[in-house]
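Below, subunit A partners subunit B and then partners subunit C, in two separate complexes.
Let's look at the complex of A and B:
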């Protein structure tokens, strides 16, 4: 047989070490981008927000229209320069070049996830409708309470299936971290496989790992959707 | 710390643009594979044959969770290996663009089969039965009744799928494909990273513009295919003519 099963086994254990990194990047990106994206969606939901709407639709279209790899290359070159400039201006005792690349990766992915998720949440808010917000205000809730108690639970449960796709896309996109030398699943195997040129074996292994992770995420969202059924918007 | 020279960027624009044809070539190739085999796979999903149905569903699930970079690598390294083993044919001299087309095609079969399936299901089955009971053959019913309606429903999704194809294809540069992204990477290394902003902002602008054009084009086609739109347009035309006649030929006064 052509495939080197010994290498497949060893690369499986190597790749296992990358899974926490991939998941860390994914979870941190979601923690940053979900609140910001929701805030943007709420801000855009109001009436008479022409400039704001135009600004964000340009941002969304730019993120949607350019490959992630190009975004990575641009932001990864620009951000350290920008940070260095700010730090030198403020004379902070802080070395820019000591920042781990993982944090750059998280910032870059947040940049694109915020755009996608803000669109997702906008659709969710539209599904709930403005009447409920007005009803909540009329019933004596504050604006903030109306959102946290009435609007947000319904909007979130309405968009759960789309959110699941977005999370899976994020996990898939995190494989591009190899471009900035982050040691997540793909990065580790790329380096290990280039040593003895067993690319096929290595990539078959991580393909299986990605499929398993994504299916696990889908399963989690299925369970979540079942739990969130109470909040389902009745159309 | 940050300099952006417009004249340099302008120069790079003309160095990059010719390679857009490579990008369009693999988009077209992958789309063709996707439409042809995606149609079969959509039929498998809608059909009654259990094993075929589960195969199609499983294939889609796997393709949905594979990162494009891994698919491209697997095809680039795996296909020549398999072909050499089975047919004793050496593929090492083959143009990389065909590997990219194959990799993107494999994933777009899954995407397009889902798009076609949901578009077909969005047209109510009663229409097909009505057409058949009016004397259409099953093929005619599909061709004349179901297909035009399904096509219109699927166009926004098709536009997204095309943009995704364009973006995923940019990863072909990792296996040495010289498309617009590969060319930018090459230019960046030959200029020792000095012109990185000029090159990559120009590249991003080209991709952005291309995606806006794809979106706009699909939107235009969608409007042209819309039945309501046709009726509306006729009414506007009629109203315009009446108004023009009333005002003695002047349609817009102020």
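Let's look at the complex of A and C:
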């Protein structure tokens, strides 16, 4: 079997155009899901939250128990009709079919990232423990300040390795967006390769691109972890 | 200055504090003794609202506060007037020694950062930790961490400092440095303190008042000389014997 290196080169440059889309989906998803997931984790850390806990464990199980591609298909087939219904009810001047599919992608990934990250942050909060929170209150900080200044930074640095893995997973999962015709890395190459049937070349190229992106992400996280290391108690 | 009346606290069905009364005057060093599980920590925690008591009143300065229904402003008031030294230090691990001290000043008491820094430096100096001001807790020994904990507690210039077994997590050879600082605070600065401890030497030499707690009640209280020489209750005698025996045994 002979690889068409000319096509590989041209598809490499073609795929580069998909990187901003992939990164945009990833970053937007993180920007939405990290604060919400953290808020959920904090809320669940309080005492006597039986109903809340039950609700969220069902949500987490549902998200974990379904393939992402199925989530994409469900939301993508359901949500436009639902939105259309709402928009028509409220008589908003807004065309559902003008919504870019990237928006749906971000929504779908946020939906599962929130579930996943809220569990991650819960573990992180547990790792910090109550003592420092109480010390912060005793020192006169408000509960909010105690979380933002003392607890959250430590919870974050405790979960950095897991967070790194989830960001990489998210980047890789975003390739499933080809199913809803989003022009990210995978989508672009699939379309290009289907024209001359050089799928192998195309897919090898995007594999390499994903490897490079994920290595870059890992490097960023390594730097962050080194910065955070000094805070962590060795005991 | 600080007076507690009828403090009760339940955990579930267990009554942990059964109507505790406590009076602390300015300059007092009140030492609370008692066996493990008698409610000493819970009592201290009820004072600064880390635990909400089910019953009881606190008179603090000119304020009278119902412990169970304390308003946010009342909690903030008490927390401003008190500070807490924890058994396991509870330093902020993501902050340096100096930041540990200034954090509460800046974000709790709204003191400008520069002024807070000056106060922090003075506080660290008092506990002999100025040369470690840029160290993180993970880089300090237990004794050093607790000294920073004390610096954090004195920095806000509180009316009362609450100590919950400040030396019991320390290796024996590190206990002295922490007790030394506490003694200095009492003698030189006249700092008002409520101290839960098993260090009898500290109780005997520094306390102005000794309290013995057992199963959620104050069984006996008095001046240290009277308390240690003529304990009235059989339970107190038993406790003192066990502690003294333990101390001798350790030697």
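In this text, the second predicted complex is superposed on the first by the 229 of 235 C-alpha atoms of A that agree within 3 Å, B and C clash if a C-alpha of one lies under 4 Å from a C-alpha of the other, contacts with A are read in each partner's own complex, and residues count from 1 in each chain.
Throughout what follows, a contact is a pair of C-beta atoms (placed from the backbone, for glycine too) under 8 Å apart; a residue touches a chain by one contact, two chains touch by 3 or more.
Not measured: the values here are computed from a predicted model.
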| item | value |
| --- | --- |
| Subunit B versus subunit C as contact partner of A:131, first or second or both or neither | second |
| Partner contacting more residues of subunit A (subunit B vs subunit C) | B |
| Partner chain(s) touched by A:150 [first = subunit B, second = subunit C, both, neither] | second |
| First (subunit B), second (subunit C), both or neither touched by A:204 | first |
| First, second, both or neither for A:99, with subunit B first and subunit C second | neither |
| A:219 touches, of subunit B and subunit C: first, second, both or neither? | neither |
| Residue ranges of subunit A touching subunit B (in the complex, touch as defined) | 2, 61-62, 64-71, 73-74, 77-78, 81-82, 84-85, 168, 172-173, 175-176, 178, 186, 199-200, 203-204, 206-207, 210-211, 213-215 |
| Footprint of subunit A on subunit C - complex, ascending | 48, 50, 76, 79-80, 82-84, 86, 88, 90-95, 103-104, 107-109, 136-139, 152, 156 |
| Residue ranges of subunit B touching subunit A (in the complex, touch as defined) | 1-2, 61-62, 64-71, 73-74, 77-78, 81, 85, 163, 166-168, 170-171, 173, 181, 196-197, 200-201, 203-204, 207-212 |
| Complex interface listing, subunit A residues touching subunit C | 128, 131-132, 134-142, 145, 149-150, 153-154, 157, 230-235 |
